[in-house]
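Note that the chains are named A, B, C, D, E and F in the order they appear, and that numbering of residues resets to 1 at the start of each chain.
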């Protein structure tokens, strides 16, 4: 039904630096998440994408936990209806938050999710960046400050939302499919 | 009225590689576009941002001209109501296309702009990536192929749109203002 | 954070006919899905709700399989952002379709789901009933007839969509939470 | 122009219980509202529909008057652009409220209607259930409590809105037309 | 509940030319439609408004009947949720079309109204002018030409839609109420 | 690509009163803005249009400056994506406000424009009239009164917004193009 306009390259054909990172991820995760191969057909874009990704998601310091960061990604990706990112980052969210149900809750309606008021404020802001960034003004910073987020943390929230808006559009447009492994990951607490 | 949550760093405080690029741009343009300083408060993000930018906008080869690329940026930024990017990239669009009126036309309503049918198809696709990427399917590729765009060119269109969606959200959220120089640039054909 | 305005009644306080059905479901599923208790605080509405539900979902005959029916419910509930129904009916969808990944796909973006072209046409129609029923006209019947759906089958699609629009609004408004059991159900193929 | 996909059954062909109700309505109203025949082609659905309808609309007790209930139906049906329900329930609204102009006002723009502040709050909540049920939270209950509505009354408002959302979709999809009698009913005060 | 910011002037205080027209309308209709007094507090605007109105609605020649014109006004006013104009012009529509039910049908959902395919095409175009004028292009003219509308007739359709968009905004903003007489006018065929 | 359905009449063929005004404008501006010719093919509509225009835009008295009035027109026209009016009235806005950058700012995102808090409140109200006039109520008047606008000034804001909504629809539908002169006008402060 759908033509595959953008076939994934084979691992062996990738530049060395990309191949190294892919193998590292494979080692750690047990499989290669499709985004690593799908974007690798464009090495320069791949390098910029993952440099940006790492700067935002692997950042040390600041008030955002790794779980917070993945929660923003999951909510953003759901708002953008991106199958790849909801499934892949929802899996990571479950693992970091150690909550097997939280990703589905955040993806369907974060207002009903079992998250903290602080996380709720974080997602309200992220959704405004995602859907109506041009309307953001000073008044949007107050509720975040009240929950202990600094202006630097708020930049993190906005940047993660903006970056995954890019990721969502690339994945949807190019028909990127989540690896089957992601669907179940983090759902069975004991197994991890 | 608006607090400046994210003051721009001074040139002298920037890492050497960033400073070098900023000086190069200043040399070429006669001033430093604010985005180069505004994002530099986060060097890692700055480097990824401009690596991505260059991969997409300075790319050699493919069917998209530099004017086409800036036209996509201008239309995307207008759809996202991003003041910085409409004004700054609209200026560059005028220069590349050598059309003093085209940026305002594309920003207000690209359907009424004095552009080619090929560019119209390109912008129709970009707007779908911008606003409804989750609905893109095979049928959207046909009209672009008919105008001579290859699947790789279509990736370029989508990636530029997605990347500037990120840029737009960062600029709007952080209240980035266009340099005054951009407003007039490219409007007086002979003077350049 | 959220007040529970509508506490669920206890099983022992329910009318006999409702109690009997609840026990029957508990026997079959191993737990009582919250909707059976949440709505039971209004016995007359409960009886009408489940009579309607059964007429649509347990119907014999027609072209719609049980999997088709649950797929419509999942897509409708996702469009209405109803946490309870996406999680509960997504679980049943996985079981009927014997596809552990299909519910997440349909909930996030059914256009990217691994479903048949016939099911895709079915969901396109359901989404129009869900979101723009006032615009449905003769032209919407053609694609469904082309996939072998009769006018009676089309009534089934519309009625399921309309009924779960009611269910979605009741669940969201009253803050109904899915039972934890649903989240994992049907995800591990062999175990069932 | 429009095919009649779902012809109404004849009275004589209906099951006894349905026929009895239809005759009772005809006796009272002087004609058979089309919804009674249109849905009767599916007896099980008909029975559930009217059981639900009666539980919500003929309910004894609570703060909602019959006029309030019909006002919610009219506003909901207008928001869903359902011709049958606006015309039929608008007629009943006029009669219960003894206000020949109120139905047109509520249908076109309830914010401009000659209704009480209490009814205005009721309709504001109903419209949120109708259009954005997933966003309802505790803060929505306050204004209703301030007007004397209990949580049970609020359930009534939500349930009526949700049920007629179902009814609206069925009527629009199946092209149900209001009986000519409804258009004038309740417009000439003295004649009733 | 609502402050009357813009009280209507008294007839005796109006300029002679306006008073003359008001008396003429009163003579013909039996009452003074509120729009004639409400706008008269600004004589210069009043004169321009009615000159424009007359040029479009009392025009001689062209394919649009008076009924067609009022049908466009009713559909436009319903799309803009303008109480005054739906009720007032719906009344005139009933009279010109000699169809007591047509105004309610057009106001609730013109797609279900008992109108000709030619009128349906006319309203489809009017709704695009009303809601998305910036997207109109050559392709929108074809269906109208096919029904015998000339480019001049199409200008009439667009201009009536645009003019009543102005009228709708003024009436809604200033809280203009329809005269009670309009609600019943044209509903009882024989009495006229 | 686009058929010119509505060619502009020649100056010599216009009625005397229209010709006189056109010559007067040409004298003053150095060229004839296209709207003067484009609408002149319908003399009666032309006369009403400019009478209305003059009553609103050339009005003496009240709190709105000429710059305020053109700012409302620019914001409204941008919201309606009308190329002609954004470019033409943006030019006049630059001249009256003596700010070469303000028109682009207001057109792209007035929330980021270098305007006064009083003008921001004025545009917030204008945008509500433009996009959701049916929701305006008493609460919308408070912020404007706080900035010193009287009810008469508020009428001016609403009327200008409503009138240019008409103008925008006519220009977009009929494919009216701005004169090239407008694009540069008011951008070079000293030259004027």
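Throughout what follows, a residue touches a chain if its C-beta (ideal position, glycine included) is under 8 Å from a C-beta of that chain, and two chains touch if they have at least 3 such contacts.
Everything numeric in this text was worked out from a predicted model, so none of it was measured.
Chains making contact with chain C as well as with chain E: B, D.
Superposition of chain A on chain F using C-alpha atoms only gives a rotation of 120 degrees, nearest 5. If you average the Cα atoms of chain C and of chain F, the two centres end up 51 Å apart. One finds 44 Å separating the Cα centroids of chain B and chain C.
For chain B, residues touching at least two other chains, in rising order: 1, 81-82, 109, 112, 134, 137, 172.
Listed by chain label, the pairs that touch are A-B, A-C, A-D, A-F, B-C, B-E, B-F, C-D, C-E, D-E, D-F, E-F.
Residues 109, 111-112 of chain C are the ones that touch chain B when the two sit in their complex.
The residues of chain D lying in touch with chain E in their complex are 1, 78, 81-83, 86-87, 100-101, 104-105, 107-109, 112-113, 117, 120, 172, 175, 177, 180, 183-184, 187-188.
If you check the complex, the residues on chain D that touch chain C are 1-3, 5-6, 42, 44-45, 47-49, 51-52, 54-56, 80-82, 129-130, 133-134, 136-138, 141, 151, 154-155, 158-159, 161-163, 165-170, 172-174. In the complex of the two chains, the chain F residues touching chain D come out as 134-135, 137.
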